[in-house]
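Quick heads-up: structures coming right below.
Both complexes below contain chain A, partnered by chain B and then by chain C.
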Partner chain A sequence: MNRYLYYFIIVTMVTNIIASVPRILMGESKNGVILSMVIAVIVGPILVSVLVNLFRHFPNMSLPEILKKSTSKWFYYPVLLYFAISWYLAGLITLVTYVLLFNTFISSETSIVITTLAFLIIISFGMLMKEKSVLYTTEIVLVMFLPIIFFLIMKVYTDPRLEWDYIKVAATHIQELPSYNAISAAAFIFIGVVNLSIFNKYMNFNKKFGLKHMLLLALAGVFTLFTTYFVPIGFNGFEQIENFTFPWVTTSDAVRLKFGIIERLIFIFLIVFLGVAFISLLIHWHVSLKLFESIVQIKRLKWKEINLTSYVLVIIFGVIGILVTRQISEYELLKLTLFFYNILPIFYGILIGSLLIAKRRLKT
Partner chain B sequence: MKLNIKLLITTLGMACFLTGCGFKDIDNRIFVTGIGIDPSEKEEGKYKVTLKLAIPVSTIQQEKEPSYQYLVHEGDNIEEAVRILETHTDKTLEFGHTKIILVNEKLLEGDIKEFMDYLFRRGDIQTIAWVGAAKPTAEEILRTEPKGESAVISPLSKFFGNVGTESPYIVSTYLYEFRRSFYSEGIDAVLPIVESNESGTQLIVNKSIIVKEKQDSYHLSSNLTSDFNALANNIGGYSVKLETDELNLVLNLIDVNMKYKVVKKNDQPSSIKVDVKMSGVVSQSNKRLNVENLDEYSKLATKEIETRLKELFTTLQKEELDPFGFGLKYRTMQLYEKDIFDKWKQAYPNLPFDLTVDVSLKSTGTIQ
Partner chain C sequence: MAKSNPPTLMDELSKKFEPSSDIMLKPLQIGDNKVYLFYLKTVVDGNKLHTIVIKPFFEMKSNESFQSYIESLPEQVEMTSGEELQIKLTKGAVLVSIEDRFYLLDIKLVNSDAVQQTLIEPTVYGPQLALSEDLDTNLNIIRQRYHAPTLMIEMHDMKEKSRPQVSIMYDEKTVKKSVLRNIKKKLNSLEAPLIQSAGDLQLQLNGSKVSLFPTLILTERPDRITYNLAAGKVVLMIDGSPQAVIAPIVFFDFMVSMEDSYHTFWITTFTLVLRYLGLVICLVLPAMYVAVTSYTPDVLRTELALTVAGSRLGVPYPSFVEVIFMLLFMEFLIEASMRLPKAISATATTVGGLILGTAATEAALTSNIMIIIVSAVAITSFVIPISEMSFAIRICRYLLIFYTTLFGTIGLILGALGLLMFLTNKRSFGEPYLKMYWKGEKKEIGVTTKNE
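Now for the complex of A and B:
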């Protein structure tokens, strides 16, 4: 089952190629983004390996189970609540970004509420699925879409009008000092690993997560970040790049499928990435739901033997989702995303810290 | 009963979406195939916007003549004019199929950022629409309907991108390319000029215009256009006339390949090194040609092309124009410093070109 770990990471990588990460990176394009990405590619795999090796000590246990077994109530309640909210926010950011993107590029006439609702209904089914089904869905969607994504990205790379001189100009900014915003945004692409908190139950890490795996991850990260940051510059020039709202979507519109059924790559591109974004959203909110369930169980909310707590939670998730998408402006979304990325060290810190505590307590 | 309740809820839930989606049906849309932007003729507005609309036909075969509708309005900015034009038709204007954006050449002199911003900001206009400079006016060019045109097709689009005709005289520029070259330091944007013949039955594209910010745009003649385009975009079919005392040859160069780099000395650009490799065939001659002498003809051609290209480079240099992107190349050669581009700008007008041309002729055609 270990391959699912890679699926999680790939899903976040792919989702973030076109969502908020490129925009933040472009915003820092004259502010040391290249060194920041280098740092992120080193730090990211290290964090992944630390987390995987910690989770290895708790085979077939999810984070709530680990914490409940080893720590007391006053500790695990706030910690789990914090994680649940964080995961919810991660999903919410994906949701809002993709709804805004959908409305700008595909259907500007559709009202935001309808678009969000269409997203939410499918996600709700997914959230209520069993953990194993979520894993299988992830696998199916990735197996279906990854080849297409690979083909599309190759199509972009091989376009004769991709001008490498602009990319080289962007690369001449390598000597600038890294910026924190860029590091955290670039490191975000490795966040998929934290989904282990719930899915560790189904994983079985026999071997240590070693250097070889880290190297593999770093390579994937380099490819993702290079694609995320440099390719839009090759198509749109370096000077104006920070002005794009969705740099990668605009870039995908620059590629023409001369002999394709659809001439404009952008439509295939958006739909395929939307598919992966759905999975990313589904995983995040599924984890969030499970974490909430582990701390909130209303016993009286029962109907014909079924506890309705999770249904109520899903509805609350959706309602907040709709309210936020309706209210939020692009600027606020950017600020929220930046804030969320910037507090990631705290997030990792608490996760690693609580796992270390649990590990020590379980030993004694 | 339990199952029925579930079924009921699902059906009701789905029914909510049956009210029709937010999408407008296709019969409520009309497709804009070309946008033309002219300076206003009246005093009040600034721009005159022309939209070419394709009128839907039942079958393309039945329709002998292409049928178009034109909407024209003047306004202070493009957005305003388009908003008014929306009231001139009973359907939604759909810009997703716009393939041609024509800008009056006079507008390219002034502030082009304003309308470029509009075209790019709208998410639904393709960034792979072709941009061209129209002469005398964009409206006139859009209204030209050449005989061979088929119904419901974006006008002009076959000129560009080597879809239909293929010629080094035709520069093809996508909207995003135009924007990127225009905004980037060290390269200037080139647009094709679209003209129509006097009787208004034909479209002609064989000249181009170089657009630079805060500078008058510069017209390239047909010959310079083909020189530039063959080199910059490696387009074959480049033809050269060779005239010596005895020989009169016309060459057709199929493979054109150019490489360039900027040579640096003491942290200053010192010269531009350009390597051009061409290979082709003889397509016309006034005498019988000997295959053994092909190398000799190649040498003659090399000399001829060298003078021709030198002229192109020095003309561009004199005007301080850089459509090839030598400046961009220079910027990639060292780590970023604040004054790197100023250094280039000062040096460029006086930089010597180190040009090497290598022409190899492969054949004399079907006869000697």
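Now for the complex of A and C:
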């Protein structure tokens, strides 16, 4: 199996440990969140395996190529546009969340626009890179940061202030009926696989995505969700947990590194997670840019033989990014994120449906 | 039947070379046998000419046997005409005329074929001798170290003014064909007025004029050359330069010292880790100082934060000015000690490093901690084995300081990630510059290369 596929999924998982997912889960903590997570852990890997096995039928092709080859214009234009906007939104949510996070916890004096700008300048270069470079960057950043993240999480788990009793209290809510919000938020951690729609071009799946791989993914999902949901509860108690804006970050601030140069765990935490979140943003927006490029190519925008369409798109991406981060409040962000997570089934439906159509059309 | 006049070709040639004083047009005669020699005295080995041409001529009985003797000499090269002939003569060829037939013998005199000590990349163990300034000697050195029939050496004549020979060397078994084609294409399309050394060649092949990171390694060590040949890389050598150019190169190649091959596993691993640590420190530390002092002092543990703040007490300007000011002085110091003759360079380091450093802190122009950081940065930047890479890193350091100054702590992290992306996006003759290589890469069904 191709290792880059796992990187995509891991990146989304890690990014969402401290971002919006814990907050949504905490919000639903008395509405059957545990069963929801169980369902998500089962449904997520199944969706991943369905998608991978569908993409396997189109080796060395990206989604725009597949659709353009097999379906007609009136079908693939709206579909691709929908996907492009969705990916842009996914990236935008990550961007806004982490900018807010960073401004709240590390540099509260810097203006939001400046922080966003720091992101946007670098990400603009990243979006315009070659596809393979995105893969290589992902790999290197993960290899550098994952060990640190693992160490930090272990540090949190072994901290004496982690009260397992609180977790047991939370676990008693197992008999409640699952809620839709919680399922979609928990299932979101598996969304990394859909990045295949562009990167499928560079992957070669020679084996089927089988039960073994699904089990592996489910285990990773269980670990991620357990860490996401229960650890903040273990530190802060079950009753108070709904009121935190960023439960995980607040939690990490409770841990001290006794012998480190940096004493408060929160700083290393934010910085390391920021690195991975940046990669998540990079992948999402890169895919979004490629999808947009497959729809619009303005022929007149030429300067010295180079078509400037992608540059214009990148600038539009950035401008919208700045406008949104300036305007949005934390409450609105939560609403937007929740809305985005909730429409995921439609997203999956359209993706799987169009792939099935393409597969049938290409066969005949 | 002997002619009394030299052949017309030689007359023409001597007219073309006219005001030069080193042209020799020499008739040799014994009895009826007469032979003409034409050459440039300064580039031809006189002793060799005497033993292989002049002496046998007087020992031979007839012109016919001398002719067949000349024809069977290994020094004989293909006869050419026009300007090409003149170029060959300037390179040390001798034109021999026997009975209206012309032969060209390569009897050049090389004064620069002495093998030099390793100066740029010295190691404690391993070979202590580097290359020489003569291409043939260098090829001999490599052939002596790499006894493989698959080692191919192709010669390529450059088209510019000094017309040096460039040899393209590769192991046919391991070399990547696309890379080889790429390099040859680039070599053919070079349009430089004058290429004098391997460094020049490297610069010309590096791609665009304004690139920061080198995509070729310049080396003087024969063991590094053979090491890279075995790994399937292409080595270019240019006549008259004691360095060779290796391509394609990835980032990790710059962090390999040849010393690594001569030590045990743990020692090698330890020094390798040290080197990467040095790389990170010399790249990030100054920018981190800016971030920590000016933007987020609360990151550090309280005692340390207080120490840093205390040491900056009385410094009249923001931290980024301090950092750039001190780093620039360090760069001046390095540059000065490199350019000065050996006898004086020690003075520069003493005055600059010891006296200036102490005085600057006492005058409260900079903090004590800044001095420590600057020295740490200076030391760690010399840990990188290939100096071109350490130069590139030096420049990146300023970019990172700049980005951190603008955006604070987040700028530091994002700037570092941006640098990483820049490196992963770079290609060296079509090969990715920075990429993780796992064991068994070929077996793994990974990212295919055919789409690029």
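Please note the rule applied: the second predicted complex is superposed on the first by the 363 of 364 C-alpha atoms of A that agree within 3 Å, B and C clash if a C-alpha of one lies under 4 Å from a C-alpha of the other, contacts with A are read in each partner's own complex, and residues count from 1 in each chain.
Throughout what follows, a contact is a pair of C-beta atoms (placed from the backbone, for glycine too) under 8 Å apart; a residue touches a chain by one contact, two chains touch by 3 or more.
None of these values were measured; they are calculated from a predicted model.
Novice: So, A:107: does it touch chain B (first), chain C (second), both, or neither?
Specialist: The answer is both, since A:107 touches chain B and chain C.
Novice: Touching A:122 in the superposition: chain B (first), chain C (second), both, neither?
Specialist: In the superposition, A:122 touches chain C alone.
Novice: Tell me which partner A:165 touches in the superposition: chain B (first), chain C (second), both or neither.
Specialist: In the superposed model, A:165 contacts chain B only, not chain C.
Novice: Examine A:297 and indicate which partner it touches, taking first as chain B and second as chain C; both and neither are also allowed.
Specialist: neither
Novice: For A:72, select first, second, both or neither according to whether it touches chain B, chain C, the two together, or no partner.
Specialist: neither
Novice: Of the two partner chains, chain B (first) and chain C (second), which one does A:237 touch, if any: first, second, both, or neither?
Specialist: Touch status of A:237: first partner only.
Novice: Which partner chains sit in contact with A:327 here, chain B, chain C, both or neither? Use first/second/both/neither.
Specialist: After superposition on chain A, A:327 lies in contact with neither partner.
Novice: Which chain A residues come up in both lists, the one for chain B and the one for chain C?
Specialist: The answer is residues 107, 110, 114-115, 118, 121, 263-264 of chain A.
Novice: Residues of chain A touching chain C in their complex?
Specialist: The touching residues are 2-4, 60, 102, 106-107, 110, 114-115, 117-119, 121-122, 125-126, 129-130, 132-133, 135-137, 139-141, 143, 201-206, 260-264, 267, 271, 274-275, 278, 282.
Novice: Touching residues of chain C toward chain A in the complex: what are they?
Specialist: Answer in residue numbers: 295-296, 298-302, 304, 403, 406-411, 413-415, 417-418, 420-422, 424-425, 432, 434-436, 444-448, 451-452.
Novice: Give the list of chain A residues in touch with chain B in this complex.
Specialist: 104-105, 107-111, 114-115, 118, 121, 161, 163, 165-166, 168-169, 171-176, 235-240, 250, 253-256, 258, 263-264
Novice: Which residues of chain B touch chain A in the complex?
Specialist: 13, 17, 21-24, 123-124, 126-128, 161, 163, 174, 176-177, 179-181, 183-185, 325, 328-329, 331-332, 334-336
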